[in-house]
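Note that the chains take the letters A, B and C in the order they are written out, and that residue 1 is the start of every chain.
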Amino acid sequence: MALRAALGNKRALSGFISQLYFNSSHGRVCASTVLAAQQRSNSTSSKISVNFDQSTGVAVMHLQSPPVNSLSLDFLTEFCISLEKLEMDKSCRGLIITSGVPKVFSAGLDILEMYGKSPESCGEFWKAVQEMWLKLYSSNMVIVAAINGSSPAGGCLMSLTCDYRIMADNPRYSIGLNETQLGIVAPFWFKDAMANTVGHRNTEMSLALGLLYSPTEALKIGLVDQIVPEDKLMTSAEQMMGKWLAIPAHARQITKSMMRKPTIDKLTSKREADVQNFVSFITKDAIQKSLRTYLEMLKKRKAS
Amino acid sequence: MALRAALGNKRALSGFISQLYFNSSHGRVCASTVLAAQQRSNSTSSKISVNFDQSTGVAVMHLQSPPVNSLSLDFLTEFCISLEKLEMDKSCRGLIITSGVPKVFSAGLDILEMYGKSPESCGEFWKAVQEMWLKLYSSNMVIVAAINGSSPAGGCLMSLTCDYRIMADNPRYSIGLNETQLGIVAPFWFKDAMANTVGHRNTEMSLALGLLYSPTEALKIGLVDQIVPEDKLMTSAEQMMGKWLAIPAHARQITKSMMRKPTIDKLTSKREADVQNFVSFITKDAIQKSLRTYLEMLKKRKAS
Amino acid sequence: MALRAALGNKRALSGFISQLYFNSSHGRVCASTVLAAQQRSNSTSSKISVNFDQSTGVAVMHLQSPPVNSLSLDFLTEFCISLEKLEMDKSCRGLIITSGVPKVFSAGLDILEMYGKSPESCGEFWKAVQEMWLKLYSSNMVIVAAINGSSPAGGCLMSLTCDYRIMADNPRYSIGLNETQLGIVAPFWFKDAMANTVGHRNTEMSLALGLLYSPTEALKIGLVDQIVPEDKLMTSAEQMMGKWLAIPAHARQITKSMMRKPTIDKLTSKREADVQNFVSFITKDAIQKSLRTYLEMLKKRKAS
């Protein structure tokens, strides 16, 4: 059903592209959220703003790298440093990740880090992507994704690592691992995280076709756990965080590790090979050509 | 959906507690069932009554250890002996497990076997829990759980080992692996049995939050296969047993083994380590303190 | 729900038998389809007709071995040769498999290849079944099953190997791995393919009871991806094929391999042992007796 719907209205590709570049003026709700965040914020880097509330033990992280929160090497580095700081702060028990950029949660991996770059640069970039995934998926904190915009590819991956996913119920937003649409392939650990969430068959069809799902479709297959009106998103995320934090931390953490360790160990044990595999794939002439075609299409669309 | 419902009405913890201790006078339906059972029964121990009907090849096992059918060492020992007897009787092809105690199927592992006990006692207890699970999950008989009351933690585990689960459609009953609510952790083989039933994601969220599901919610995620009005429970269980027994036994047994052997082998090969792990966890000061707090809360509630 | 429905109306067994032998006069729709196929066909063996359209890159394979497209050794051999030819033709990117025989997609493995045969013959037959499965499940082509009739046992297995399954919405048709109903056992790789499609629990119950599902029930558990009115089946299959072929082939193929390789490797590494296992099982006196009983029942039914 979701498949036919997604394919039928051609959201799959055109929706993704249209969300990559758009008017970047901040919307009313987002701007006020960011303002409030900054008033209490105790850590702000250029691309990520972290607002930690000691009284609740919950941090809110706003991704704010316009126009689309692309996961560049710089972004990933800052993200991992921020995450590590929170992880080491014993008083921080929960983290809500959301976007400070309107209409997009994260557009995923920055294609410019993969196009026309040296194998060394590509390898360094890929290690940073792995690092983000490993840190998030194994975090001792409760992590809730408050998905307030589109979340294709790496943006979806980031969501998949969280303990709970709430998405704004806006039909213009979509979420999914759509790599094949670009001629590239989601690696095994993207696949594993998705299969752990929506099962083998949904993952197989979703990855093969590079499907992007509307919030309603995503809820139906379990790609997100809850959808709420956009203006209720942060309140709902905070309420849900309260439920998770009510569970004795030690028992919850051991349980999380039991569920996720086999998947984490798989990447850890194959990490170097996975980097080599990515580098040799992405530097292929045919793949570079695909990426160029895609980038040119984006530029044209932006210009028109 | 189930999560929000379960959390929203605070059934998760309070429901569990209220079901642990309650007025133990037998209800009308249960009392008459037990009476009928005893008329045909050919094996009755103090805690378990087995009623084997030669004409159908089906035995009915009533758990009757008031107030809440806690899985104590004595209970587990008797249970395993009863099960073994049936397993060795070639004329017994099916087993229906139900409760002879009103409102509760089984409240799960007896906390008194884990609190203030020597490591040796804890280890002996844990081996008995493993034994119950291994015997049930690998049984050659068709086993149907007729869940006529709440079934948290070990009670849910017992249900998960059966071939088919029917639950009385009474919204006051709940079922789930709620260990984290008590500050303890469901071991990997509880997790494996649940994941084999409701999938990875439902298991992850369910175990992390220690969720207890109403019959309707349990049906929705597949934690039970069918819900029926309480007074139709045994009839439905018997009808379903008939369907299962119509399948050539040899083919059904090989199929069951093919589905379950990897999960069984995993515990068998790690059995001793799992005992050590349990003992070192449960005898920790912090965990003992959690259990004491919990027991005191139960006492207060019982007294009030 | 599906279980109760399937069992309740006794479709499980009687439906299967009634579909095995029936009036073999071709229906209106099927006859015209076959006619059209033959006009453009570039390969026709006695049991399989292949019609490859260069302009679309899509081949349509009609199974046409009346009365029920049984998977005999001859059929399987021809099938694998046809498949290999298409696989080696770089211009062929997609394959639609459908039946040229009315009311049945395929009745599954030919029992006559397993009854009263030498161990060597049984072994040769089983290798051919493995070969079909391995070739289909690992194909680089997009394969869509257009299921225009009943599809029990091996017919269901064939469907399970495809990338997408569309079934004619005719309540007289059914699909499932019903081996246990005949006293035989679906081997582990049948089970693996089914679990990859509908999950562990659906597979466990389905195989234990040998369930056959109506199109509606099959859609509900994900055993088929889509159901459409019978006269829209081929058009829908072609439309869906278009969606799959729009994805860059290289990325789609790597993704498919990533999803399926562990399951394929499992059979490949145990292939010889699986043959031995099948031969020693199927040549058992008790199993041969089951098959004879079954064959006699079919004959009686045919005669009456």
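Here is the rule we go by: a residue touches a chain if its C-beta (ideal position, glycine included) is under 8 Å from a C-beta of that chain, and two chains touch if they have at least 3 such contacts.
What you are looking at is a predicted structure, and each value in this text was computed from that prediction instead of being measured.
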**Prompt:** Given which chains touch which, is the overall layout a line, a ring, a star, complete, or other?
**Reply:** complete
**Message:** Can you work out the rotation angle that lays chain A over chain B using Cα coordinates, in steps of 5 degrees?
**Reply:** 120
**Request:** Averaging only over C-alpha atoms, locate the centres of chain B and chain C and give their separation in whole Å.
**Result:** 39
**Request:** Would you please write down the residue numbers of chain C that are in contact with two or more other chains?
**Result:** 199
**Message:** Per the contact definition, I'd like the list of chain C residues that touch chain A in the complex.
**Reply:** 163-164, 195-199, 222, 225-226, 243-244, 247-248, 250-252, 254-256, 258-260
**Message:** Considering only the defined contacts, which chain B positions touch chain A in the complex?
**Reply:** 3-4, 7, 179-186, 188, 191, 199-201, 203-205, 207-210, 286, 290
